[in-house]
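Before anything else, here is the set of structures, which you'll find just below.
In the two complexes below, chain A is the common chain; its partner is chain B in one and chain C in the other.
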Partner chain A sequence: MEHEVREEHGLSIAAFRGDIDFNTSPEARRVLLELVENRQDLMVDMSSVDYIDSSGVASLIEAFQSAKTTGSRFGLVAVSPPALRVLQLAHLEKVLPIYDSVAAAADA
Partner chain B sequence: MDPTEHMAAGPRDTENAIVTEDAEPVVIDVRDLVTHYPGNAEPTLKGVNMRIYPNEIVCIMGGSGSGKSTLLRQIMALDRPTSGQVRILGHDLSAIGHRDMHELRKKIGVAFQGGAMFNSMTVGENLKLPLREHAKLAEEQMDIMVRMKLAFVSLDPETALKLPSELSGGMLKRAAMARAIMMDPGLLFCDEPSAGLDPAVSAALDDLILKLRDVMGMTIVVVTHERASAFKIADRIVILDKGKILMSGTLDELRATGPKRVQDLLDGVPEETEVANWI
Partner chain C sequence: MHAKTPVNSRPPGELVLDMRSAAKPENLKQIRTAVRDAALGAGCSESCADEIVIAVNEACMNVIEHGYALDPNGVLTVQLSAQNGTLFAWLGDQCKPIDLSQLKSRSLEDIRPGGLGVHFMRECMDDIKFLPPPPGYGNLLQMTKTIS
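After this line comes the complex of A and B, so read on.
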């Protein structure tokens, strides 16, 4: 898994690439929680995530819940089809804000 | 490359499964398996040959005492065979080293017939055991995973705080299923997952098994008496009878060409006893 953080449309974008799995999810969690703790409005770019397992999903949920308590925005953008299927399996697609693109997230 | 690598990575399993002489990838390869429990007059398994392929849901059916649980215990490496061979993800279980076995266990989820939870700890702690053994995750991450997996098996997330002794039989069974899928295993074994559950919960478990295969790419072996469930989820049904595989195939194949004993099993007709063997 690789990641990159950038600013776009006034949002922090954390883009992950590859697999968010048992080996890499602790790192994904650290990156996301750090951004949320800085009270930045955060969107996770999931377009290049090939695979996410339940530990990766748990990292997303933890960051989402943490953002709620700090009052900042948190959402997912351009979720790849395999990642979306995993989120749907956990019935999270209606709980986590999901946008087609960063622009759509900025407009929302 | 290690053939077991990326086993949890779902849809890519096929590329990483072992390839046999006939160029078909195989997850489990059972050859001439004989299991003779000490003290028994006859072997329980009398030369079983079976292959399980990536991404399949295979239901093992057969009468009580036919050897289903014994076969499952053998392919989970819980018991040693009297003779014959079991290979899982390319590893010969009779020759596997400690380290490979540990790696293999990480990729295998097991839901036992009886549930088998530690009564001294909460259900949540029981569910976290495989995570603690095989991964390095934050406590918060594990707590969320526990709640997620409990929801998968239609249990209230607060069940995590209870002791196993406070759960009903059906709830324990589902908790055992939740524990079996904590590590998103590539290979899942279930012994009678839905026996004794109410129809709605049982149907939800069937759906879960199908989704785990479709979404997470699991290969799933289910021992079951529940005919409706097997017909719904199985890609292939293996019929075990008196320690031998009577037949294996899709439901349509079994229906079309199975002998009377197979049809009877599929119809739930009890085995006829020809003689009064109890005198």
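After this line comes the complex of A and C, so read on.
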């Protein structure tokens, strides 16, 4: 898994590439929580996520809940089909804000 | 990584995957790739194979995290076979025996990190149960799914 953090449309974008699994989710969790704890409005670009397992999903949930606590925005953008399938298994597509693009998230 | 399992035991039908791996998180990707290739080779569709990968990955995670408590010396075996339109996935370990009642899914209404793995396994497969472990095994988990 690789990641990069950038600013776009006034949002912090954390873009992950590859697999967010039990081996890599601790790093994803650290990145997400660090951004959220800085009270930054955060969107997770999941367009290049090939696979996510329950530990990766747990990292997203934890960041989402932390963002609610700090009052900052948190959402997912451009979720890849395999990642969306896993989010649907957890029924999280109804809970987590999901946008087609960063621009759509900025306009929301 | 892909050595034959040392025990004289195998799931029913034609064996399409027989791998033995150190129970380490960094090996999960290799296991997923092997399971997906084997499921496709057994006649599963892409979506069917993807769901088998999700279930096997979660089962392996449980063994690594809870069974072996991240002990890198742990070993797990993954076997896949196909018989009469059903794919059998066997996951073997040398951990202490697990009570089936411990395999609980949590309510999805409770939005919190953790506890989703068993739910994913149950959602993706038709049936999950522990079989009597043969010699050399602590637990032998069988998951089955209709090949579609």
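Keep this in mind: the second predicted complex is superposed on the first by the 108 of 108 C-alpha atoms of A that agree within 3 Å, B and C clash if a C-alpha of one lies under 4 Å from a C-alpha of the other, contacts with A are read in each partner's own complex, and residues count from 1 in each chain.
Heads up, the rule we're going with is that a contact is a pair of C-beta atoms (placed from the backbone, for glycine too) under 8 Å apart; a residue touches a chain by one contact, two chains touch by 3 or more.
Given the structure is predicted, the values throughout are model-derived calculations rather than measurements.
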Joint occupancy of chain A by chain B and chain C, clash or fit: clash
Contacts of A:S59 with chain B and chain C, given as first, second, both or neither: both
Touched partner set for A:V86, first chain B, second chain C, both or neither: both
Chain B versus chain C as contact partner of A:D21, first or second or both or neither: both
Which superposed partner A:Y51 touches (first chain B, second chain C, both, neither): both
Partner chain in contact with A:V95 - chain B first, chain C second, else both or neither: second
Residues on chain A lying within both footprints (that of chain B and that of chain C): 19, 21-22, 51, 53-55, 57-59, 61-62, 82, 85-86, 89-91
Footprint of chain C on chain A - complex, ascending: 19, 21-23, 51, 53-55, 57-59, 61-62, 65, 82, 85-86, 89-92, 95
Touching residues on chain C, where the partner in the complex is chain A: 25-26, 28-29, 32, 50, 54, 57-58, 61, 64-65, 108, 111-114, 116-117, 119-120, 123-124
Interfacial residue positions of chain A with respect to chain B in the complex: 19, 21-22, 25-26, 29, 51, 53-55, 57-59, 61-62, 82, 85-86, 88-91
Interface residues, chain B side, partner chain A - complex: 8-12, 134-138, 140-142, 144-145, 148-149, 151-152, 182-184, 211-212, 214-216
